[in-house]
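Please go over the structures that come below.
In the two complexes that follow, chain A is the common piece, with chain B as its partner first and chain C second.
== the complex of A and B ==
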């Protein structure tokens, strides 16, 4: 009988032995080495063992009896120290074994990031039963804490298992969303939500800096932003590397893994290899399906039967109870690719198919994976899906019908979700009133006061009517935000607040967006709503801004930009003027213009010069004038009491104070202010978004003026007796506008919709409300009151570099 | 986990009954009573209005109810229960949305040696605390349980709450470092089944059945997943976990076990949405009684859990 030696008793070699013994039990006399002191167990099921949902005994694939039945000589717990190919022997710690054929199945080694402190006690990988038992032991400690570095399959399974053991777990992931290799951002959002519901803390975009220790033992993980995450155990689950040392020392051809051909033979004809240690046609392997294919091919090769290994598409599943996800193929966006998206916010379902031509090339699903196998087979078979394209997303059972439910987002709201913020009316109250007979908007308003004040929740209330009354309710047509979504701007705003949606993926999923990531219409609006409502939690997304806001300059019709520094209250100095003149000379600015907003505009600056001209102006103490933004533009003033014989108050001083308070804030549309020192109104304050006219008795604060396509005089918000009060009223009004208005509505349009009385109730009459508005504005300004020029000069300079000139190369 | 399971030990649960609504009352649909024929005959003649007796109370309050003392309580069959040696009962209402489908009642007898636990946990905020529980002779474990709480995702009850799915845990006292493992180990508790109990009150409830080797509450557990999101539109269920004192682990990663509606007792639960108690079906696996309980979400049966004793 020929002698077969197998190094490594993992799942791949175990499956290979099963095929071998099934086909010809007498072909080989087998010796099996394993460094672990045990035989083949289902390593994929380590996570249920960790969580307590399985015992080790339940995941053993081959027990002692199986090895005995097949007369396998087991040398478990013994490391192989070398392979002598000339003598055809394997050298173990306890002696040599001769082979006719040798199979190297050494698997992979976990990758340990060489962070300072990675060798501390308590820093482990997650690979085998020993690691699992270390984590299980941690669960026995009261108040145990663990940090898992890595938000991929393995890391999340480790985290979920530790959590079920009672451990306080934080997952630290360097990428923007979890399992980014298998999931897109939307599915990653749902996964994160589900893990958070299990009590697992998840930190994405988190960069580990150092592992801190105490007495040689891990104490905490330090992130590069200074955050310290205390832990008793640190699990690194950032990836695996093929274990090739033995093969390499034996002189076999090794690249990323041990090189094998289609028959699983290495560069030595008597040595074969399979599993996570091999490299086949440049590919290495981490999922089990291709390893089982390799096992079959290798067994046939050993038996002299022809067989060929072909690497196929694989699908992924995560084994965390309650997290149903499926991913297969390629789901990156591309110009030649189209998406079909289905979302059901009520059930937490997201499905996306990526099509190229008439073929499915990728599928990502979360929450409903029943059709995963069906889509997977179409990917593998490259099926032409043109005929069933319209209903494809609904799976095999729905070929022929079915549409997404536009009311799903509202249906998903709990009864205690606040629908009407003004009057504190929740969903349950409204639904009860509808069931009680209030069948239209006016009667609902009368009974519950819902939508009776500012009216921004009208859309939601109408949807509740439709949801509760079904077809018997005929809703007035409302304009949805764009084709991506059935909800109006006002609905989206209200739902972002009531459902506490704090990221774009959360909005897309929970409000049932029909596209993967929104479009050029909805993204800027949603980006603004999120940053206005959650200034501390949400990070402004530059990619969701119009070009002027992305570039922090107004693009001109010839492709150049205008640069306009801020002049606080229209006041400047000789030094500032010199710096502006120098910059205009240095960068050959063709046009220098004094604007209606009392500042100086440098027109015709090249895109690539922007950082440099900003840096020069910054050095002279000037900052961006935000002349391009949906935010505070200027505060126009007259000279006031300092110089004018009619001036009643220090209008210039007040203008400067206001501008210094409000600058940098993002608003639904641009905001312009004016402060006039007397009713002669030289600063034209009475046609501004907020206009203050100084009088002997104090300050007349007017709002909602306009002097553009529409011309409209301001309406009197209130009379203030002190400068502080005028500032407070202005700030509160702007914050109320920020929190409630539709994106791209100027204040005069918004006030026309909600009514000046509604605004006055919150800004003038109710002092607590006014102060709360000012407080929230100040919280937001703690993030946004900064100069974007300085920030871009420092961090984003390369974005302004000109694209390579390819015309020359093309000509050549 | 061998074939020589001791079936002479009296089970922890003596009686299992399914009460179903008929008009405005609950009537007995089926019960397994073992040798307790007299108690069976009293029960067959009984019915409960909403709020009346133990099943009526569970219906009315929309939550599981544990009753550990019959004397002087609202329990209606006190005399017959005492005569049968039954000392405690747990009523588990099965709701599909707001509609009551049935009430499952289990009755236990008490002695100094029977270890095990049937617990009801309820959630508020981010915490689950013990609403009530029946522990037999596991007094120390009962004391500990009354003084712990679980956050979402923690331990068996918190895990069930966090994942909103039934879970089956192994080695509660030994290999598995159960949150209450020390006293669980002393009480000889081995396996634990936890399941979410949807309530029309909206409050989260989790039921746990913890079994000990010597005096098993159950000797076989099964969890079947019937969500359309998992099995598609066919009215079917797949076994996602299970363990048996005779057969060992019931779940095989590579071979899926799937049943159709109305196929066997699990299929019966899936098809009707009602719990099943059955003696003959349990006999196939060598046990006396099978209890299979559906878990509903809105109108859909999402899971079926079964225990055999």
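== the complex of A and C ==
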């Protein structure tokens, strides 16, 4: 009998031996080495062992009896240290064995990020039974804490298992969403939500800096933003590397993995290889399905039967109970492809198919994965789906009818969700009233007060009518934001608040967006609503902003930009003017103009020069004037008591105070203020969004003026006796506008919708409400009251330069 | 084709763009997915707007000047607008962005 030696008793070689013994039990006399002190078990099932759903005994694939039956010489717990190809022997820790044929099936090694402290006791990977037992032991400890680095398949299975064992777990992931290689943002959002519900903490975009220890044992993970996450065990699950050391030392051809041909033969005709340690046609492997195909081919090659390995698409499922997730094929790469997206917010379902021509090339689904296998088979078979394209996403059971329900978002709200914020009316109350006979909006208003005040919840109330009464209710058509969704601006605003949606993927998913990531109309609006409602939690997304706000300058018709530094209250100094003049010279600015907003505009600056000119202006103490923003623009002032013979109060001083308080804030549309020193009104305060006219007895605060496309005088919000009170009223008004108005409504349009009385109730009459508004304004300013120019000079500079310049190369 | 490495995919923000200067003029490279990018002419056929400054959604871009929308895959204007931008072969391999040198007029690459 010929001698076969196998290095590694893992899943791939185990399956290969089964094929071999089935086909011809007498062909080879087998010696099997394994570094782990045991034979072949189902590695995939370590996760159920960790979570307690299975025991190790239940996942053993080949037990002692199996090896004995097939007369396999087992050398378990013994590492192979070398291969001598000239003498055709394998060198184990306890001695040599000669071979006629050799199979390398060493699998892969977990990658350990070489962070400072990675060699501390308590830093482990997740690969074998030893790692699993370490985690199980931790669960037996009271108040145990663990950190898992890596939000991929393995990391999440580790975290879920640890959590089920009662451990306090935090997952630290470097990318913006979980499992980014298998999932897109929307599915990643749903996954994160269900993990969070299970009590697992998830931190995305988190960079690990150092592992901190105490007496040689891990104590905490330190992130680069200074956060410390205390832990007793740190699991690194950041990827695997083919285990190729033996093969390369033996002089075999090795790239990313051990090179094999279609018959699984390496560069040495007597040495074969399979599993995660190989590289085939440039591909390496991390899932078990293709390895089983390799096992069959390798067994046939050993028996001299012709066979060929073909690498097929793979599918992934996350084995975490309650997280129903499926991903197959290629959904993130490729050209000329189309998406079909289906969302059912009420059931937390998301499905996305990626088509290329008439074939499905990728599928991602979350929440309802029943059709996963069906889609997967079409991917593998490259089925032509042209015929069933329209209904494809509904799966094999589709019988006709049934599209996404625009009412689903409202249907999914719990009964105690607040629908009408003004009057504190929740969904249950409204539905009860409808069932009790209030069949239209006016009678509902009369009975419950819902939608009776500012009216922004009217759309939601109508949807509740439709939902409760069914077809018998004909809702007046409301304008959705854009073709991406069925909801109005007002409804989206209210649902963001009541459902506590804190990211764009959350909005797209929960509110049933029909496109993968919105469009140029809805994205800026949704980005604003999120940052206005959740200033601390939501991170502003520059890519959802119009170019002016993304590049902090106004784009001109020739693609150049204008640069306008702030001049607080219209006051400047000789030094500032010199710096502006120097910058104009240095950057060859074609036009320098005094604007209608009491400051100076440098027009015609090249996009590439922006960071440099900002840096110069910053150095002279100037900051961005936000002349491009839906936010605070200018506070125009007159000279007031400082110089003017008629001035009653320090209008310039108040204007500067207001501008220093309000600058940097984002609002639904631009906001401009004016402060005049007396009713002669030289600062044109009575046509501003907020205009203050100083009088002998104090300050007249007016709001909702206009002097652009419409011209309209301000309406009196209140009279204030002190400067502090005038400032408080102004701030509260702007915060109320920010929290409630539709994106791109100037204050005068919004006030016309909600009524000045409604505004007064909240800003003037109710002192607690006023104070709360001011407080929320300040919370938001703690994030946004900073100079975006300085920030971009420091952090975003390279975005303004070309990615590459190929004209230089060509000239050489 | 002659692939030229023009940078890492991480150098472009997700749903953002960067410009590449070439002998054939400015080309805009758009990142539409974690490992997905497209190269098209940076100049809008309407009135010359810089497309790299537009908002990117799905595999489309909206021109920042007058909101024409272009498919980054075919270069065709969408909806009622008529016109097209040139597209250039590009691939992302192992996180690197490779642009076809020949089609952008790079002589040393040809």
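Points to keep in mind about this one:
Heads up, the rule we're going with is that the second predicted complex is superposed on the first by the 795 of 812 C-alpha atoms of A that agree within 3 Å, B and C clash if a C-alpha of one lies under 4 Å from a C-alpha of the other, contacts with A are read in each partner's own complex, and residues count from 1 in each chain.
The criterion applied here is as follows: a residue touches a chain if its C-beta (ideal position, glycine included) is under 8 Å from a C-beta of that chain, and two chains touch if they have at least 3 such contacts.
Predicted model, so just to flag it, every value in this text is computed and none were measured.
When the two structures are aligned on the shared chain, A:176 is found in touch with chain C, with no touch to chain B.
In the overlay built on the shared chain, the residue A:95 is in contact with neither chain B nor chain C. Applying the stated contact rule after C-alpha superposition, one finds that A:546 touches chain C and leaves chain B untouched. Of the two partner chains, chain C is the only one that A:515 touches; chain B does not reach it. Judged by the document's definition of touching, no chain A residue lies at the interface with chain B and also at the interface with chain C. Residue ranges on chain C touching chain A, taken from their complex, read 4, 6-7, 11-16, 18-23, 26, 29, 33-36, 38, 47-50, 53-60, 62, 64-65, 67, 69, 73-74, 92, 97, 99, 101, 104-109.
Those residues of chain B that touch chain A in the complex are listed here as 126, 151-156, 158-159, 162-165, 167-171, 175-179, 181, 202, 228-233, 241, 243, 248-249, 251, 253.
Those residues of chain A that touch chain C in the complex are listed here as 175-176, 180-181, 184, 332-337, 339, 515-520, 523-524, 542-547, 550-551, 555, 557-559, 607, 798-799, 802-807, 809-810, 812. Against chain B, the residues of chain A that register as touching in their complex are 42, 44-45, 51-58, 136-137, 139-140, 163-166, 197-200, 321-324, 347, 349, 367-371, 395-397, 415.
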